[in-house]
Structures are given as structure tokens and as C-alpha cells.
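Alright, structures below, take your time with them.
What follows is subunit A paired twice: with subunit B in the first complex and subunit C in the second.
Coming up: the complex of A and B.
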């Protein structure tokens, strides 16, 4: 490491080194001892009368403080540099890593809140159960279908972005108007659109459908139509999000490129395919990836409108976990379902990012 | 009383102002003369109190306010004064967990208990929960050992979770003396509210499903003629059995609704889940087939916890629904996506369908909701019977007519937590507060005015009291009669008060949804899937403990 920015030459004495190491080891020992005591108390091995994990939290805070302090004691000026990052890293560890570890512990347990026996470790039983659970597998398959619909959303969003990027009348008005669905809560969309406008008897869409010759309109009655309706309502809400990202990308393209292509005699269609689309690829990939992440969390409109039906046709992983966890108090299994989903999402997103890396780089 | 009922009375003139004024004048006269009455006449003081509180704020004088709740609470403080010294609970602090639905429940309790707090010196902290959050909050409190409340307002279905774990305090005799449990309607008497022979619950509400149907369908001569022409069995009159319900539903497919001019439909089964509560509606159909008068159990076998949900009785109920799904027009077009909220408030009350089963809300809303169009054509009865009943003991059908109203959810009660027993003063304070809320007179007021609670004592059905208070007697009798008959039915179906009962219901909804959508080959296969899922839940919660708790809830131990 470069010594250029070190303004003082620290004289780290062996005594100081010993003290620094003692601080770290002492803090760590205290943390481990407190956590072990807490665990033993929880497991019923000893009775310390602990009612919460707060002592362990306090021990962690003390350890974190000592660890940071010890960096300066051990490394002087170099240790102060570490302090720019270490507290943040410890904070992340406290808020992400620890809960994940605890969550994993819960996922590997048989824990139904109604059971008088409480929580019991059951290893990977929940995982094997999930892999054979027809409701979960059905929900996963539905998510594949829902995610595939993003390609259609992308095409529509791109079209709208192109329109709003063009010199049209009332452009600002349309930009705000197209954004309105995004501002609506999905719960509001469920009730206003799904439950009211598409109400099969008196809803305006049902009346329109009857006028158009569909005698008994049913928007959520058959599996295929219900799933398509969910896709449409979710798309209606989130297309504006993709659109606004794509619009920002379009506005960032230098006008000179289009003008040069025009001077060279390229047709509008050719200008789009040869100039606009390639330049928009990084933004497009980003918009699609973020949209996929949003889509994988789809739950609220499904829970409100169909509860996953008919026959599981619209069920999502999140809405199924919601039922398993909330309605059935099946905490261990519900947590494992969430973990499996998390792992699948991480793998899928990583693979997607790798696959699209070539197009994600800014085009020059 | 539900808000809607009360508002309806205000709007539609169902409140009889003349009778109300008569009652008020009589009450005032009695109150004024009370001090002059000889000692023997003091026996009337109690009935005077009932008449007096029914004049607060006065039927027809708008919705009661916190001042009214406080006044009623103060007037009903008599039993507290008899059992507690003034200031006896000074320094005691209690925490009360309950609902805050529609500004009822806990909101009224605050007012009712204000004078109790002033008199006893105790103070109450409140935990208000939305209905949807209630189950999760209670289960988490139990599972994580974080019971941070001393008194809880709780539905009887949760008794397995709480009483079964010994988390509640046994009711002292002096409380039982105050609240007069003999006055409860039959189904709220033991074993409801009890566990292993001990009593824990102060009832404050009653719940059951009743059958609401359309009178105009059955007064319609064209329907009657067509029914006869079609060879329909028996006269064209309101169905009293599920077999008739199905026959009528099939017949009505393709007919025109006499009220709305839109397509007529039959019975409105909710085919979509409703957080576990939707299963009550299949139970409505199943209980007359499944609840044998000689057997208290009907959902599980009490010796093994083997589900009965796939026995021929339940399969018949599921098959009945599937039969109607197969008939085009028997149900409205989107019925597969209709939950009980839809069948009640978007279909039946909006003039769709011949009838449905529901809690008292539909009976009330039929005549009170702004969106209801069936106010003048709605009629009520107990749930339909069945022409045969399955005997689980013999494993055979018996060709005898069987009624079994579904006493769904059983109603709210107040329970004191066992943790208060560490401090006898606190425990007594908690029970005193619970007894005050479950008092006979105060509960009459809560039945008659918007509170979120329905009548649940036989004394609540003294229609002359309602009439004297200013209500229209015919309406009250019509509305409450179906409930009273269900409450006191000798073969009423009371759900198992075992831990996790809503888990069973919830998973059943998922499997039923698949069955109704045609993903299982038959009703039997659907029922078998439910039974398999129930076995899984029982094993997870603990079969032995479930058996013991189920037996205890049935009073078999």
C-alpha cells in the first residue's frame, strides 16, 4: 500500500500492539460468551432469566467499538483509514448477515406457532418438502410466466418512451399522465380496477364487453384469462417505470448521431435499429433487470383479487408464502420457501447479468 | 348491535318514535318515583335500570358517543360496587388487548370502563388491533412467550391456543355469580368457554350462520308454475334442506330475476378462499350431513384426530357445490372468484341470487346498507337441513332429516391471563373489569346499540324491551329470531376449539379452490387432499396434544 498519504510515521510499540490485540480478542470473547450464554438460556440448559437478545446486541456493539478502536491502536494512521469503511461494514453485518443467519436457523426448523412444542430443528426437511409441494412449484411456474410477460411490457414501454421523446403536443402533460399508474398503490389498483371496474355484473368493463358481444364476461373466472388479467394490471402499473427509465436513456443520446444518420440517408426504421436501439441497450437491460426484481415480488394484487385462484392459476410465490406464513403460522416452512426463492432469484439475476453483460456496457 | 342495523333504524323509520317517547316517559316517571317506592318494589329497580340504559342516548337520537358509553358504564357499576371496595385497586395497571374494528369493541370498552377505573383506582392500557392482525399477533405472542396483556378480547376458536396451554386464569365464583351464565343462549354454555371443566370466558357476543333467502323468488307465480311444469319435487317454497337448495338452484338457471330483471341464480356458495373464514361456508352445507345428534364431534375423530373432512358427509357437501358449478347459470358467471365478502355484499345484497348463508351482518345489511336492494324481499331462517345424516360411528348413512346450524366462530369473549395470578390484587382487578364488560345489563345495551356485538343471552331476546326502547317489534323478531333458533338448537355444530384451527381451514380453502377449478378428478379426491393436508398439520402441531385438546374442547375429558 502506498505511504504517500500518511502524514505521520507511527511508532507502534510492542506494548501497543499487545493492547490492540487484547481489545479485539477481549471484545470477541465477550461477544461469544454472551451469545453462548443466551443460546444456553434459550435452549433451557441454564436459567439466566434472559428475556431478550439485547445483551448480545450490546456485546456486539461493544465488540464493534473495540474492533474499530483497536485498528487505530494497532495500525495508527493506517488504522484510521480503515475506520472509513469498517463501521459501515459492521453495520451491514449486523443488519443483513446476522438476520440471514437467524433466518436460516428458522428455515431449518419445524416451527408452527400453534405447536405447543415450539421450534424444533429439522435440518433440510423443509427444503425437501418444498421441492415436492405442488402449490409452491405451481407458484414458481407462474412466476416464470409472469416474468416472461416483461418482454411485452418492455416493447410497450419503449414505444411510449419514443412517443414522449418525440416533439408532440402536450408532451409534458402526457409524461405526467403516463406516470400516474405508477403512483397508485397496488392495493388501490386491486380494488379500483380489479374489483370494481372488472366486476362481472355492473363493472364498466363488463358492460363494455357485453356491448362488444361477450355475453357473460368473466375476467377472473378461467385460469388463462385470470392470469392474463394479472399480467395486464401489473403491467399497467409498472410500464410507466420502464418507460421513464427508457425515456431518460433516449434523452441522453446525442442528437448529432441521429442527424448524422439522417444525412447519410438512413430511413427512420434503420435509424432506430442501427442507432437508437443499440445505444439504448444498456438502459434497456437495466430497466428489464430491475423490472424482473419488481415482478418477482408480485403479491398484493393477487392476494386482493384472486387469492391465487382459480385453482392456483394466478398464485405467486410471495402470495403463497403469505398464506403459509400468515394464515397457517407455519414459520419454519414459510421461511424456507422464502430462502429458496431468494437463492433462485440471486442465481437467476446473476446469470442474467452475466449473459447480458456484453450489451450492458455503454455503446460507443 | 352492528352499526348498520342501527343506522337503518334511523334512516328508515323502523324506530317507533311514539313507543320510544312512551318508554322514555314511563322510564322518567319510574326513575323519579323510585325513591318513594317501598322496599318490596325495589325488585323493579333492575328492570328500571335496563329501561333507563336503553334510553341512552335514546333510540332515534343519533349514534352513541363516548359520553354515552361512560354513562352506561357508570349506571351498570352496581355489581362492581358490591364486590370491590372503592379504591381497592389503586396503583394497579392492566393491559387490555382487543379489536378496534369500525370504532367499536375496544373503543366502547374504554367508555364502559371509565367509571370502573375511577371507582376502583385501577388504570387500563389498551392494545388495539385490526381484525386482520389479530390472529398473527396472538399467535406470535403465544409462541414467543411475549404475552404483554392481562386481559384479552378473544374469539372462542382460539381457546385451544390459549386455554389449552394454561395461559388463562380460571374464572372465580364471584365473577360467575355476577355475569349469570345460565342466561347465555345454549351454545355459549359449557363446553364453550371452559377447558378441562374449568370456566375461563366471559361471553360478550354471539355468532352463527343463518340462511337468508329472497321472498320474491318464492312469491313469484311464474317460477311456481315453471317449477311445477318442470316436475320439481314439492311445492315452490323456500328450501328447508340442502337437497332442495340444489334443486332450486338448478331450476333457477336461465330464469330472470323478478327484482332486477337480470339473470336469476341459485344459492351463492363462495368458491374462493377468505383467509380461512371461507371454509365456514362449506361447513354450512356439510354440518347437516356430518353432525350426528349423538356425536359431539363432526370435523375430526376425537380419538385419533383423523379428519372427517373426507367422509361421505363432507364429500356430499363438496359434490353438491360441484354439481352446481357444472350447471351453467346456477351461479353467477364469475363465482369461482367470489369470496364470502363478494357473495354477501356484491351479489346477494345487490340483488343477485336466491339466497346464501352468512353471519348476522347480512340480515342487518339487507335492510340497512345503502347498496342493498333486497331490503323488502329478504327473509331469514336457520340453515337448511339434510334429508339424511352420516353416522361416523357406524360408518353408514341414516335416512333421517337432520338439522345442524353452523355456529360459526362462536363469538367474542373476555379472558383474563394466568400471568395476573402472580398478583392477587391485579388478578381480581382484571376479573372485575371483565365481569363489568360481560354484565347482563351492560350487554343488553351493547346488543341494542352499535357496538360490534350481537345478542347472546336469552334475556336479550325479550322483544318487549326492544319495543319499549322504540324499536319496531316485527322487524326485531324477524331479524333476531333466526339467530335465536340457531343459538339454542340442540344439534348446533360447534367448531373444534383446538390450536391452529384456522390453519386447517386455510389449507382446506386452497385444496377446495383446486377442486372447484377441476384440478382434482372428483369431490372425493378433493376431500382426500384436504384430509392429507390436515393430517400434516396435526402431525406438525402434535397429534397427541391435539387429541387431548380436542377432547377437552368437546368436554370429553
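Coming up: the complex of A and C.
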């Protein structure tokens, strides 16, 4: 990446430095004071008559603004550069890092929103309970199966990308048509496909199945078929995504390479395996990794079509936690489940990225 | 990548390009058409079903005017049929309110994400920073690693936080959360955009007396605009379709369209026509966006795929 080199002369007077530091410290002091006052209010030490933590939120916004402003006061031109990144960083820290720390506290407590007892700290009890929860382990295993289905999606997406890269007419029409499933909301898809097209009595797919000789089609009755249906529906939505990335990769391959292979007399099959596929490896890996990340968030269609059934066969971790909250208001346990999932994902993704980096190095 | 280079070229040179494999033309077209049917049939089915009456649904009639006479039952139930558009209709009011919520939330979240993300991506592509132990690469990784974070991890802590902050069931709450979810994608797209713009442009501008922000706003942003539009459209699609957080954090006021679709299609029995009408009305804006702005969406998704 190219860097911009500019020499600027700023005269930062001691007066200015003091003012900048005063802004940061003042903002921080105000934030802490507000938070403490609110905490005392909640704990019943003083009565300020406030019901929500909004004032603390406003104090944080004020602090963030002062912090950004103080950068310019303190560092002049360099501060103006910091101003590009600082707002986004503060935003992410406030909305991710803080809730994660806060969530860790929730995860270590016995907290049911529906019960009047409120929150009780119980250490790692939730963790031990989760490790013995057959439904949670089942949901984790389902995620492995769902993720494995990505390989099939990849093959189909690669095939479609090759087709779209061929010399065809009406290319734009096909591209738009193939892209449309990605645009549709998963909730609408779960009705359009899951609940109406695959409806066992009147749905067109059930009719088709009956003509093909399956007398009593039931698409969400048995665990295996239901899980396969979820995979198919999710694949239908996300194949365009991989297809577009692969197509972009295909079009970046110089044509001379194919021509050279053709002149050398390589058969189409060998040309694909020895020219196209190796060149596509880095793009393929990126596409598959991003697809895995999206797959791990899978929930909408499961929640809306089967709500995890039959017998938890289609449950994803997300839909399981969703129901843990919806049906039992079990916030503490649900958060612990989510944190275990996060740790597993981080480990798996790190390992996967390290591995793929090693594989793809010789080719690139 | 600038406005002129399109990722998928349909130029003459491209059409004369002989594909490296020789499936026969017919097979290619057959496969393409087969997959187009797979992609389009559910949409066709939903549109036609919204014009069916009960007997048509049960007999499985497919083609309007041939198999069955189109009725406006579904659209009337939703209050969006042309012949009842003047009358008062509760479902329509409900629908329009949800539609408006979805529009406000997704547009503001995408806008906010594009503004924050573009600035951050520009800063990271041009200057070297040090925040404590973190350097540029670490900061980039910090932003992009948010992609891996599954939403469910944030869901319950946010539920509790929003309850304390009195932000449950409010548009602001959803906007903040949605901005967060699309921010890494925007940064990813915009980083590529800015890296492709030569730094000589800003240097020239600054010799002419512009400040760094002046150069960014007047010189760089117009060049990077197509990329920003791509990031915006992609964010819009993702936030418009988001269901999980909306279902968890809203109840009556700030419900978005997917929540309404989910609750309606879950509860009613077999009044397929009205649910088909609702589903179709919910996806229609995205179909229009997909057809009209296809190249921006593709541009956004292909960013980062090819270096």
C-alpha cells in the first residue's frame, strides 16, 4: 500500500497541549462521574430518580467527541489524520469490546429474565452445564455438517462461474437471474420455498415428488431430509455469492495462458486442472472462507421453517440460543453458549487460515 | 478500480474469446436455463400465488389466464389492491409502517457505515498509525475480524444493555447494531478502492494549498464514489434482510419488514394468497435494486476477490 508523505509544520504551544489534555481528562472524568452516580442510584445509595442508563450513554458520546477533537488540538496535522480512523475505532470498541466484556459477566451468572430473582453469580456452572447439554452439542455437530455442505456449493458455484465465463449470449440476463436469490430476504425465502413450494399437500414440489413416485412426500418430517432441505435452501441463497467471486477470479486469468495450453495440445480437461484450477486456488480459498463465516451465522431459515425440529436435527447454534431466550428467557446460559461458540469459531478459523496460507503459498 | 473499469466486460473482445473448455453450446445453454429456472421459479411461484384463490392453490394451477383466472384476494387482504386503495385498511397501515421502519433503519445504517468505514479505510491506506501496540495492519485486522464474530454472541448482551439504556424496540438501537455488522464489509471494499488511487493526486492537491481533509473530500471521494455506492448497496441489501436482531430487539414500534413477514407467515393457516402478496411486497424493492444496480452489487462482492 502506498503511503502519503507530507511534511507539515505545526506549532503546538504548551498552552494548546494543556487545553487538549484538559479536554480528554475532563470528558473522561465526566463519564466516570456519571457512571458512578448512576451505579450508586441503581444500588440504592442515592436517589436520582433515573430509570435508564441513558445519561451514561450521552456522557460516553460527549467523551468520544472530546477525544476526537482533542487529537487535533494536541497533535495538529497528525491529529487530523488520526481523525480518519478514530471515530470508527471508538464506535467498534463501544459496540463490540464493551458488550463482550459485559457479556462475559452475564455468561457467568444464573440469570433468567422471567424469574423475579434477578441475577446470581455462579462462576463456570453454565460452562459445565453446556458441555453436558445434548441439544447444544447436537447443534454444534449440525454446524459441522452444514459447513461441510459448502464443498458441494463450491462445486456448483464453480460450474456456474465457468458457464457464465463461456462465450454466451444474454450474459447480463443470466447474471442478474443468478444473482437474485442472494437479494431476497431469508425470511421471505423461508415462506416462498420452505413453507409454500415444499408444502406436503399442495406445494408444486410435493406434486413433482408424487409424479416421480414418492407417495407421501414429507420434506421436514425425517431428520436427514429436513437437514438436507436446510442445506439446499441456504445453498440456493448463497451460491450466487461464491459464483460472483469465482467469476471475478476467472475473468482475471490472462487469456494467453489458455491459448498457450491449447497450442501445446492439452485437452480441455487437463487445461482446466492444470491451468485454470491452480490459478483459481487463492480466489477459491477466499470465497470458501468468507462463505464459512456466513454459514456460521445461519439461523433465519431454521427459525422460520422448522424451529430446529424434528428433534433438533436442523438446529444451528444461533437458532438454539434464540429459542433458549425466546422460550425460557435464560439469558445467562444462552450467553455462555454463545461465548463457547465464539471461542470454537476463533480457534477453527485461525487454524483454517494458517493451513490455507500454507497450502496456497507455493502456487502464488 | 475506477468507474471506467468494469469487472465483467461484455465487450467485443470478450465475446470473441474462445472458452478454454469445449462443452457444446447446447449443453451450456441447457444448463444455464435450468439454473435460471431454479433461481427464478420461486419468485414466479410467489407472484402467481398472490393472485390465486383457494381452489387454484389446491389444484396446483400454475399459469395465469390459462390454468386459472387471476384474483386480487391476496393484494386486497394486504390492502394494496388497486381497487381498494382508497379505503381504510389496517393491514396496509401496518405494512407501510414496517416498510418505513425498514427503509429508515437500513438506509441510515448503511449511510453511517459508509461514512465511518470510508474514513477509516482511507486513513488506513494512506497513513501509518500507532495506537499503543497496534500498528496499521493490526488496526485493519481489528476491523475485519468483526466479520468472524457471529451475531448471536452480541445478541443477548445487547438485549440486556438496551434494556438498561431504554433502547429496546427503538430504531436508533437497530441502526447502531446494523452499522456495526456491515462496517467490516464496507472497510474491506473501500480499502481496495483507496489503495488503487495514486497518492500523487493528494500530493498535488496539497501543494495547491488544500488540507488533508480538503483533499480527501474534494479530490479522492469523487473518484472513489462508485466503490462507495457499491458498499452502500451491499450494506442496504444486508440490513434490509436482517431478521435475527430485529426479532430479538424489537416488539411493537421498530419492527422491520422481515419480522412482520415472519410473524404473519408463521401464524395463518393456508391463506397462501395473502402471505404470497406480503412476501412479494417485501422482496420487491430488492428485486428492483438487483436488476437496476446489478453491476454495483457485483463490484462490491468481487472486491478483494482479485488482487
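Criterion: the second predicted complex is superposed on the first by the 265 of 364 C-alpha atoms of A that agree within 3 Å, B and C clash if a C-alpha of one lies under 4 Å from a C-alpha of the other, contacts with A are read in each partner's own complex, and residues count from 1 in each chain.
Keep this in mind: a residue touches a chain if its C-beta (ideal position, glycine included) is under 8 Å from a C-beta of that chain, and two chains touch if they have at least 3 such contacts.
As the structure is a computational prediction, the values presented were derived from the model and not from experiment.
Q: Is A:77 in contact with subunit B, with subunit C, with both, or with neither (first, second, both, neither)?
A: In the superposition, A:77 contacts subunit C only.
Q: Classify the contacts of A:92 with the two partner chains as first (subunit B alone), second (subunit C alone), both, or neither.
A: second
Q: Is A:329 contacted by the first partner subunit B, the second partner subunit C, both or neither?
A: first
Q: Is A:202 in contact with subunit B, with subunit C, with both, or with neither (first, second, both, neither)?
A: both
Q: After superposing on the shared chain, does subunit C or subunit B touch more subunit A residues?
A: Of subunit B and subunit C, C contacts more residues of subunit A.
Q: Touching subunit B and also subunit C: which subunit A residues?
A: On subunit A, the overlap between the subunit B and subunit C contacts is residues 201-202, 331.
Q: Sort out for me which residues of subunit A touch subunit B in the complex.
A: Subunit A reaches subunit B through residues 110-118, 135, 199-202, 216-221, 223, 226, 305-313, 323, 326-331.
Q: Of all residues in subunit B, which touch subunit A in the complex?
A: Residues 135-136, 139-140, 142-143, 161, 164-165, 262, 272-276, 332-337, 339, 346-347, 350, 352, 499-500, 502-503, 506-507, 509-510, 513-514, 516-519, 537, 540-542, 545.
Q: Mind listing the subunit C positions that touch subunit A in their complex?
A: 7-10, 15-23, 28-29, 31-32, 35-36, 38-40, 42-43, 45-46, 49, 57-58, 60, 62, 116-117, 119-120, 122-129, 131, 139, 142-143, 146-161, 164-166, 176-177, 179-180, 183, 187, 195, 198-199, 202-203, 206, 211-213, 216, 237, 240-241, 243-244, 247-248, 257-259, 261-262, 265-266, 270, 272, 275-276, 279, 282-283, 286-287, 289-291, 294, 297-298, 301-302, 304-307
Q: For the complex, give me every residue of subunit A touching subunit C.
A: 1-4, 6, 51-54, 57, 77, 80-85, 87-89, 91-92, 95-96, 99-100, 102-103, 106, 159-160, 162-168, 171-193, 195-197, 201-202, 204, 207, 236, 240-241, 244-249, 251-252, 255, 258, 261-262, 268-269, 271-272, 275-276, 282-283, 286-287, 290, 293, 296-297, 299-300, 303-304, 317-318, 321-322, 325, 331, 334-335, 338-339, 341-342, 345-346, 349
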